[in-house]
Structures are given as structure tokens and as C-alpha cells.
Amino acid sequence: MKVKVSRKAHFNAAHRLFREDWDDEKNTAVFGKCSNPNYHGHNYEMVVSVYGEIDQKTGFVMDMKKLKELIRAEIEEAFDHKNLNVEVPEFKNLNPTAENIAVVIWKKLRPHISKDKDIEVVLYETPRNFVTFSG
Amino acid sequence: MKVKVSRKAHFNAAHRLFREDWDDEKNTAVFGKCSNPNYHGHNYEMVVSVYGEIDQKTGFVMDMKKLKELIRAEIEEAFDHKNLNVEVPEFKNLNPTAENIAVVIWKKLRPHISKDKDIEVVLYETPRNFVTFSG
Amino acid sequence: MKVKVSRKAHFNAAHRLFREDWDDEKNTAVFGKCSNPNYHGHNYEMVVSVYGEIDQKTGFVMDMKKLKELIRAEIEEAFDHKNLNVEVPEFKNLNPTAENIAVVIWKKLRPHISKDKDIEVVLYETPRNFVTFSG
Amino acid sequence: MKVKVSRKAHFNAAHRLFREDWDDEKNTAVFGKCSNPNYHGHNYEMVVSVYGEIDQKTGFVMDMKKLKELIRAEIEEAFDHKNLNVEVPEFKNLNPTAENIAVVIWKKLRPHISKDKDIEVVLYETPRNFVTFSG
Amino acid sequence: MKVKVSRKAHFNAAHRLFREDWDDEKNTAVFGKCSNPNYHGHNYEMVVSVYGEIDQKTGFVMDMKKLKELIRAEIEEAFDHKNLNVEVPEFKNLNPTAENIAVVIWKKLRPHISKDKDIEVVLYETPRNFVTFSG
Amino acid sequence: MKVKVSRKAHFNAAHRLFREDWDDEKNTAVFGKCSNPNYHGHNYEMVVSVYGEIDQKTGFVMDMKKLKELIRAEIEEAFDHKNLNVEVPEFKNLNPTAENIAVVIWKKLRPHISKDKDIEVVLYETPRNFVTFSG
């Protein structure tokens, strides 16, 4: 009996879309106002889902309290009220598009969730733009 | 031409996470404040989806009015304004976690929807915690 | 320059509508299924607003971090995962309708917020039913 | 590294459920008040998703600005503030159920998005009724 | 102890912005695509609020079940799945702008709610456009 | 017949809470992580409301298309994808708290809306924190 359990969380951060190996003109041509050198920001909302068998003892796929705490420790602590380009090591050489942020979140959570379970990350950059990564 | 049609519905209920074969100490250790013997409650919101071929005559996968009525008769009637542990027979010996409630909803709907169609149940225990079961 | 600042919070609780001085028949006649003796429950969502002058030093009417912490300490701690009728002293002799819960929340917060500021409490019993109390 | 990127958009339109080869009585029997000859209408909200590899140069699966513009040009321009039955050629002989509208949207977008990417259309007829088509 | 109680409801309808005493050119100049002669439509969502003293016997300002039923009988029954211009007598000679629809809803409800209570109607024409009328 | 008409809009921006006349230690003591020198950001959502008489000719308090365009020209153009502290002149010497941003928005719109109408600005810094300014 496999079920997907999902938990919403959020962090607020600054970023810009930017490649260091491109000059300003090219960054602006490709990324438009999202490449503003002074940064802009978002309320990132995420849904982290874990898919696996229901544990017959607890009735849980995964204890939501533990999932909530894991997201807080691994993602919110690292990203919240941060400048993603400047302060988050994963984006030193990786453009912080929504796509890449979702992949980074997934990779940061993967080692902490048992291997027999699948993980999905949905990341809302705005209420109108969002991305989904399932590994 | 297969399409998934989805209908939102809701019920308000009391519950506690609890196993009769565990003593109070163990129930509290595993389930925390969710095991409060006096119960707590939720506005459960659900999305029931039916996946199948579009009927060429009606343009429907399934008439939404009938799906709405089916959810009302089978789920809302049984769960709304109830104490899940005390008053809903399916949870007499089954811990009413979100995971188990979603499975029970799916099983209660399955006999009423034609076999060539798949069913998915998403159950929101809160706006921040939800589960998905697809059989 | 007066501004209203608002903070959302939530608690999950069980309750029933019930007057001890009425018999079961009268309670059911007036309150319907909301009077189920086994309780039902809700995800109560609330918006607490504080209206007052912007402090010229901070640019705040009230520090949102302090408002968040005040709601946690005074309301969530007291109501979350509780049975309002059984475990919350304010409702020992007061029917826990949405109206009365909003008034109780307002009274619990009032002593902790400076007198030159007004308070408003919006309490959602469900996403479709809510009440507003402003003192 | 495959990711699904999603963009929300909307259009407001009138429609009725109706088959020209059925008489009024049969249309009403099958479609109820949705077949009102004077039409009714909806705020259709849609989520268009594109699934594919992250472009290593841009960090995008697809530039959201281009997806937004594509939806505007192909769907909003054609459907917004229109009567679907009367003014949209695709529904001249096709009953504009949510299912059929989602399929039409998918078919109108498919030629404009590169073949190595999958498309999914979620169409909300109301906040409580929605459909999903993935090709 | 005065409290405002609020109830959400909805109806789906077709309309066009239009004055019979203006020619087509003028209607289009003023109302743009909202004046399309073939109509367009909306999922109108409304919040009806009643403001008054809490009844000490029930703990209610007004029984939400009765407010829900009143909205159903007076508003949903009259407006849902209708063409406002063609089928709703109040708009025979009144342009069905959101402003005018809110006033009409308020006037239809006023006689059914006791005089010592105030009424407020919020009408969402879309999730992005809404109006409020308080008498 | 006075009605309040409301329009939702949004902008994404970076900011930090900061007073130039305070040293870093004091800024951090008062504003916490919101004072991060590298900035963080938000999806600011706003609701701009205009309160006044319904024009008997149009049925409008104010043409929503014009209000939408006014918000775009005066607010979105000035704030969207900007760093509020660095790039928006109004915040050169004004701490960009939600309270102060709402007041600035109100002041920027006031000259463009006729004097017999009142204006209200609700600004969501996050879905959980928001402020209201009515002049």
C-alpha cells in the first residue's frame, strides 16, 4: 500500500539569474530583468513529497513531524533570508533558476530519507511559476 | 484520449492517532500531541480524481454531478462532523492517520466507479500536510 | 500614519456546540450535527491584526516576530491539538462557537499589546465560514 | 536531469454543454443546467506544464517568459472574453466540456513546443472542478 | 459584543457589460471586450457578512446554516448557471457590473435579515477583481 | 451608493531592513535576519481598493482596466524585479518595512485617483504577513 505524503514549507530569498562566464549584455539578453545585478527576490513555497509503503505499526509513510523538521534543518536553515547567489555554496557556480533550486533541494534531502522511498520537490518561485523534480 | 477529472470536497472531523495495543506512554511517544485522548480535529479537504477515456457522446470522462453526489453519499455522509475513531467502523482497528484515511476513502469509492477507470485520492489533513493514494 | 499589521496563524482542535443547561434534544435541535457528543474538529486559521502608528525608529507598527511569538504562546499553546470543550478553561461554561472563540482570542491577546493599539481577530472555522471581532 | 516547469494563466468565457444532434430535451436531461441555451460562464484557470531536460546553458527547461507569451498568444487571445460555442472554431462541432477544452488547449500548444518535451494541461472550470490532460 | 460572521458561496454566470441606450460602438468604446455581444462569463465567488450582537443563548450572531440556506435560496437559485443580462430581472435595465451585482445581492438579502444587523457583500468577479458593498 | 472596488497585483523585489544611522550590530539586534546585508526578497502581492460612488452611466466606481494599468505604470514598473533599498528612490532614507512600502504605494497612487474617492492599500510581504494603509 504505497502512499505519497506531502509537506508544505517556505523560505524568502534574494537571487538573480546570472552566469559568471557571460558578460552583462548576454546575461541581460537571456535573463531580462531577472538578471538585475542588484538582485530581486521571492517567497519560495515548496511541497516536499515522500512516496513509499505505509508502515503497518504507525500508519505513517513517514512521520510528518520528522519531515517538517528535516526541511527546516536542511533547507530553511540554509536558504531562508539568504542571497542565494552570494551565500548558498551550491549556487556559487550554478545559476539559481527555479529548476536548479528544486534539484538542489532534492539532492540535499535525498541522503536523509530512506532509500526505499521516492522524493518529489515542487518549488513555487511565484504563485504563477513553479517546477517539479522527482529525481 | 484519456483525461483525469478531479472534484474537491470536504468534511470536518475529530480524531486521535492511537493504537489500542499500545499503552498511553507508547502512543504519546510515537504520536505526540496528535494522540491527545480528548481528541483534536481537522477540516479535511479532498480531491477525488477519475482517470479514463472521454465518452464521445457526452464529452465527459465521468459526469461531475455524479462524482459530487457519490462523494457526498459515500464519504461526507460517513465522515462529516464525526469522531473518526469512535464513530467510523473502518477505524475501529485502524489508526486514522491521513495515509489510512486516504486508503479508506479510495476503497469506499472503488466499487462505485467503473473498472476501466483509475481513481486517485488526495487528502489534505491541513493546508500544509496532505497525502495521495492511487491504488 | 496609522497602519494595520496582520499575521496569520492556525491551530487544530476538537469541539462540539453544546450548552450544559440544555438537554440533548434541545442541543441537537439548535446546533444539529455540530452538537455530536463525540465531537468533531477543525483546522482553525486566524488572522490577528494590530492597528496603530508606525514607530518612526523601526518602521514597524509592531514587530511581526513578536506578534508571531505572542500568538504562539497565548493561543496556539493553549488551543492547538486540544479539545476546546474539555481542555480549555475559557469554554468550561461558554459554548465554543466561532464567535465566542474569536472573542476569547481577542481577550487573551489584549493585555499583551499596548493600549494605544487596536486589535482585530478574524477566525476561520472552515475556509467557508469565518468571523471577525474588533473589541 | 528532467524537470517539469509550470505556468498559471486564465481566461473568462461563456459556454453551454450542448450537442446539436440532440434535441433540447435530451441536452437538458444529460447536461442539466449546464445546457442553459442562454449560456453561463466561468473563470477558467489553467496550469500548463512542460517536462524536459534542463538546458545546461540557461538552467531552464523552457524560458517561463516564452511559455507565458505562448499561452497568451495561442490560448488567451483565442478564448478570453469569448463565447466558446459561438466564437471558437474548435468547438463548432465539439461539446466544450472541461475535458474537451483541455484537449484543445494541449493540441493548440503542442506544435509550438519542441518535440523532446512533454506537455500537461490542467484546466480548472471552477475552483472545485478541474481536469488534466497529458497527451 | 458585536461580531461579524461571514459565509462564502458562489455562482457561475454569463454576462456582458452593456447599455441598451448606447449603440454598439459606444458600448465597445467604454466596456471593451467585456461588451462582447455573445457574452462571456465568470465564477462569481461571494462573501456575505452579517454584523451584530452575539445571542447569549446560542453563541451565534446568526446561525451559519440559515445564512448558507438564505444565500442558496435568494442568490444561487436566482443567478447560478444563468445569463445575468437575459434571465435575471434585476439586470433588465441595469448594467451587470460587479458593483451593480453586489448592490443587487445586498438588496435581495436585506429583507431576510433582522434590522438590528448590518450586511456586507464582497463579490469576486475574478480572483483578481472584487468589490465590497455595505449598504 | 458607495462601493469599494479592489484589484490584485504583484511585484517581486529584494530588500533588507536597515537604518543607515545605526551600526550593523544595532540593525541586527532590532531586525534580525531581515537585516542580512546581502538582502533577501519577497513576492509582494497587493490589493489596491478605491471607494466611491457608482457612476450611473457606466456602473463603475472606477474602470478596473484603468486601475490595473495605473498600478502597472506607477507601482509594478517602479518596484518589480528591483532592489528596494538600492534602486527605489523613496527608500533611500526610509526603511522598506511592509508598513512603509504600503504608505509609499498609497502616496504614489493618490495623485492619480480623483479626490472624491478613498484609497486603501493591502500589501502582503508573505502569505502570512500583511499590512493595510487607508491614508
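In this document, chain identifiers A, B, C, D, E and F correspond to the written order of the chains, with residue numbering beginning at 1 in each.
Everything below uses one rule, namely that a contact is a pair of C-beta atoms (placed from the backbone, for glycine too) under 8 Å apart; a residue touches a chain by one contact, two chains touch by 3 or more.
Quick caveat: nothing in here was measured; it's all calculated off a predicted structure.
Identification of common neighbours of chain E and chain F yields C. Here A-F and A-B are compared, and the pair linked by more C-beta contacts is A-F. Each chain gets a centre from the mean of its Cα atoms; the one farthest from the centre of chain E is A.
Chain centres here are Cα averages; for chain B and chain C they lie 28 Å apart. Centre to centre, using the average C-alpha position, chain D and chain F are separated by 33 Å.
Contact with two or more other chains is made by residues 127 of chain C. Here the touching chains pair up as A-B, A-D, A-F, B-C, B-D, C-E, C-F, D-E, E-F. Taken together, the chain A residues at the contact with chain F in this complex read 10, 12-15, 33-34, 36, 38-43, 45, 80-83, 86-87, 126-127.
The residues of chain A lying in touch with chain B in their complex are 1, 3-9, 49, 54, 57-61, 64-65. Across the complex, chain A is touched by residues 17, 19, 30-32, 94-100, 102-103, 127-133 of chain B.
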